[in-house]
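Order of writing sets the labels: A, B, C and D. Residues in every chain begin at 1.
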């Protein structure tokens, strides 16, 4: 097994200092899948770094096949911005742009920007009559070239801070067979985002909650990884050519932001190890406690907004199942006309599972209080 | 002439205080167009308030026809958030959402959310055989009902802070014939955004620079105002019914943020008064200094991004015309390896007009340095 | 019992809106002490509001003697500033000034600013030969007049946002016999700050941890309340006149910021009710679970700073006792030269009690990791 | 002449990246004074960097005597924090601590913290009967040792981010004969802060405005540099030993924040070069346009606070002289009860010179509007 570590500069600061990321690669001598795992693209979402640390320790001492790419602390532009006692890192404090929304969907990007197009690619590989494996290999190279072009800073009209860091990461991930983007919620349980075409595979991930997202693009890494393949498949299918999407990409939510916990990281690590065993990275038997897995569509992942301001007391912990009509939160307000306090109880509009809640009880009208799964099904 | 003033609560704070906006309406006894003018949706963009002040003073003393709606300080959620010595108000500091991107395009919104659809509306009015004027009147009522539905806070899944304030404003503007949304740039000259269908009318606005935007929706008020009419027209045209879009909506950029200037406001006011004369609000002759007007497509409004960090010295003031190759800015950097300073000169990639530049010289890689018009044409 | 509610405007915003506080007073017909309780001067420190709510409910239904002044949500300038998912309210985001450091110590303030001096006051009351009770009454009036003068906004050189809100609150509290300023820590246990002269009285408060602060001024409300009396006593004593400080003022820390919890508020409320019984506000027997109380000097309340950056895993919960050498936290770092992770364990430098810890695990060099009591003694 | 460049790490970030400063030293072969010049301790105060750049260029090509230490970009912790389009760098965004207030006055610092005391030092050097020159040399070494001790990160109770960067800079400056700390105001003219004992020397600086500060400590670098010497002199004088303070330290304000301007930097550079000629660094004749210099005491440097919120139009540019009663600013407000706008004019309370004004016209009650010199005298 060979270990390499590459520093990549992701931002030159005004004073000449630079922010950089470390890309660690474990290359086995035996062939196998390429697994890409990054963490902390949002500045406050820390737990994934500890999970990467444990995975690195594990594979430093256990045999595996293929290549493992680890990118902890994937976004120093985000994690180094903090205000008061908290990390201000969900979006760029200068521009408001969410750090997980400026990845590129090459299938929707102008040829002049990326130097090519999927239509041209399909034309070429079908003319050449390549098989699926060769198409896959060629397509990964095509994607790499697109991202390379995007990163060209000699073009004065390119490239924003967000687009730059996102494209660097996307390029690193573009020849991986499995991409795991480790995030967290605010105050949240564990859950993953899986695309419709990944639904069966997602069960192997063993996470208690899965949100099924459409095969569409909204700017995030998982989508940016699979969308070109979705487009490629569609294009080949329209020519009556069979093609299975050969990659998987997941956004994995590991609890609450601002926190790290080694014990939890062991369990998170275990789940990922089990998944990697299914994928063929390694063969080690790892003992599993089976737990039920719940699935719902993204459209059934609902946010409750505060209809009024006040002090919100959250009554239901993440991962809790509740029934329609159950009290989920209580907003305490002082009614100055009546000289007295009142409690606005927020009741469940439907049966559901509490997934994520706000990080503060200091609530203005219109803030998201919590997010719940509704119309969920259970895998077991 | 009748003056009314309505306070509308736009946010209940956690402590029970509320933020509200003041809507001032001048109603003439003679019929005429309804003009809606708001300012300061972005917290730091102040100048439009002074322009509204002068327009209010003007029409308090001069005859006019129709209705004038003034909403200065249109977004207290933005203008009350400040950090250091500056207003932090281009986007919601809690969520990153740009305060001018959460208006609603009813033509793309689910019927369950707004209580109806344009398709149904068209079906109804064509069945009834209504003429254009009646369709217009009915459509304004339809839009008002849609926004009313959106504002229903008893729906626990609705409504975010941004959506709430935007919808309140959109509802106020929805029966106007002309909508002017007064903004500013960072360090900018005067310019307006006009839709393709408004191109001829935009000349009457008399602003020196006009960006022609597609008849598409990107979340801003002007677009949210005209998109339903664009969709309505398309739908009627597909039935071979002739229909002219009866409203205009512009985003008007009045110089630089954080500043107010009474003398500049007089000129800004003059331009708007001249436009309102063309529209039929009043008949007063106002002396005009004619100046050339420059137009370009939104795709030719280009941002230059910083390829490296440093201290950026801006060499070209807003409104200046420049040629390809001209130096536009110089980034000063200290090269620690050479013990010396170097200057990275940014040259114009094409002929253009400097429109807007960044508000700070402290520049990190990837920040927008300035925005320019290219491939522009002149009206005169 | 008579209830009054007074709204006091504490800030006029740029758009004409105002922020205000509500001052609720319960006045009994039977004489007794004046108790002043405020909460939420720091924007994220919410729990005290719920405690005030429960005290208001309690005394609305139970007999008491004297006057109770409640000021929940005491600082809307702080609680309405938020960034990301958190309240940015420990200091003024515009100026950096801590919201609990701009109270005024009249004994150190120029006569031209407050319209009088303690020296003059002492001169007058000793010339008149007043007894302690009359001196106390007169001194409260003197203080009120000083704060009134400070609030004069017609003086163009006065008065900053922080000074204004602080002086309004200080004026409300200046004729109280007991002042409780309800705060919280970051992630903290319950503890109070008591002045040296209050040490015996503080035991009656029944809080598990007490920090004994010198009879000195550092800008906080408790100090601003007692310092004039400390100076008065010293001045009278220098003339061989006996005088006991007739008031008490405490800063009370009720757990962690950003949180509210009704069950915890019941216990917090119970402690305060028991104290008020000792003080003479009411006579109700309330069952008490006695628990040990720990005391240390402010100089033994020590902060641990991060000697390096990394992901800090906090190993010891607030309120935990630990021994010298115990691991208190572990900072996880990635060592890029070694391709591996290392753990920097922070060990206790002395025996102590964990009181408060940082709110994030994302730690830069030099940040406060936690605060501990050392050299503490136990009351039981 | 020998040039050296030293990188000093000033903060380890959570991800393992570090922020560092570059210290460039020019050492002449001929003896002469040590001049220390830093810039940009406050993140948005950029102009001093360009002045350092020009001084470096100048002395790279012109003869001089002694040592020149240049520290541009002296505080990357500040300059790298930005929000919206502005640098958020006057104070630590995590703690509120002003970056120019955590320098150390060794004369007030506990021996256990700095490893010695001035009293001990005086005792030693007077026992040894050293002359002024030797005392000076020894004292510089003593100060260096104190700051070295402060920087010891193995002490778990030390050291905050602010204290660390400030102490690093203070240590670099502690053996300099002249210390220039280059800052800017908000929207400001050029002015310097000089201590009472430096008043005559300050005239040589040639700046148009000088604020005379007491020989006291308020946390800034200039004070931290001269206070130990003030204390030393006082101590020696109390023993009837004559001692002149051998060093000078100035805070130099170079116009407005967020801006850099090469032309202005030439003039700033010229003033400093002329001063350095007086000091003995070089002998070059530089042509001088003499301009009047105005002085006032710090107590006559007055801030005007906003008595109400609104849109503030600043009527008087920095450097302008005005008379009592002159309008200095106008706050535009909308009076919702009267449906009309009003103008609150702020008139000069005294004759004065406008020095610095706020960076935004969006004003809440209690914000500083501008700062003026009153009771000033003119040197010419």
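To be clear about the criterion, a residue touches a chain if its C-beta (ideal position, glycine included) is under 8 Å from a C-beta of that chain, and two chains touch if they have at least 3 such contacts.
Values in this document were obtained by computation on a predicted structure and should not be read as measured data.
Student: Where are there more C-beta contacts: A-C or B-C?
Tutor: A-C
Student: Could you work out which pair in A-B, C-D or A-C copies the interface of B-D, where over half of the contact pairs coincide by residue number?
Tutor: The same interface as B-D is formed by A-C.
Student: Suppose each chain is reduced to the average of its Cα coordinates; what separation in Å results between subunit A and subunit B?
Tutor: Inter-chain centre distance comes to 34 Å.
Student: Report the inter-chain centroid distance for subunit B and subunit C in whole angstrom, where each centroid is the mean of the CA atoms.
Tutor: A distance of 46 Å separates the two centres.
Student: What whole-number Å value describes the gap between the mean CA coordinates of subunit A and subunit C?
Tutor: Inter-chain centre distance comes to 43 Å.
Student: Can you pull out the residues of subunit D that are in contact with at least two other chains?
Tutor: Counting only residues that touch two or more other chains, subunit D contributes 13-16, 22, 72-73, 79-80, 82-85, 90, 94, 311, 334, 336, 362, 364.
Student: Which bits of subunit B are touching subunit C when the two form their complex?
Tutor: 13-17, 19-22, 40, 72-73, 76, 79-85, 93-94
Student: Residue numbers of subunit D touching subunit C in their complex, please.
Tutor: Of all residues in subunit D, those touching subunit C are 11-16, 90-92, 94-98, 153-154, 156-164, 302-305, 307-311, 333-336, 346, 349, 362-368.
Student: Spell out the part of subunit A that touches subunit C in their complex, as residue ranges.
Tutor: Going by the criterion above, the answer is residues 3, 5, 7, 22, 24, 43-44, 46, 49-50, 53, 56-57, 60, 72-73, 79-80, 82-90, 186, 258-262, 311-313, 330, 332, 334, 336, 339-341, 358-362, 364.
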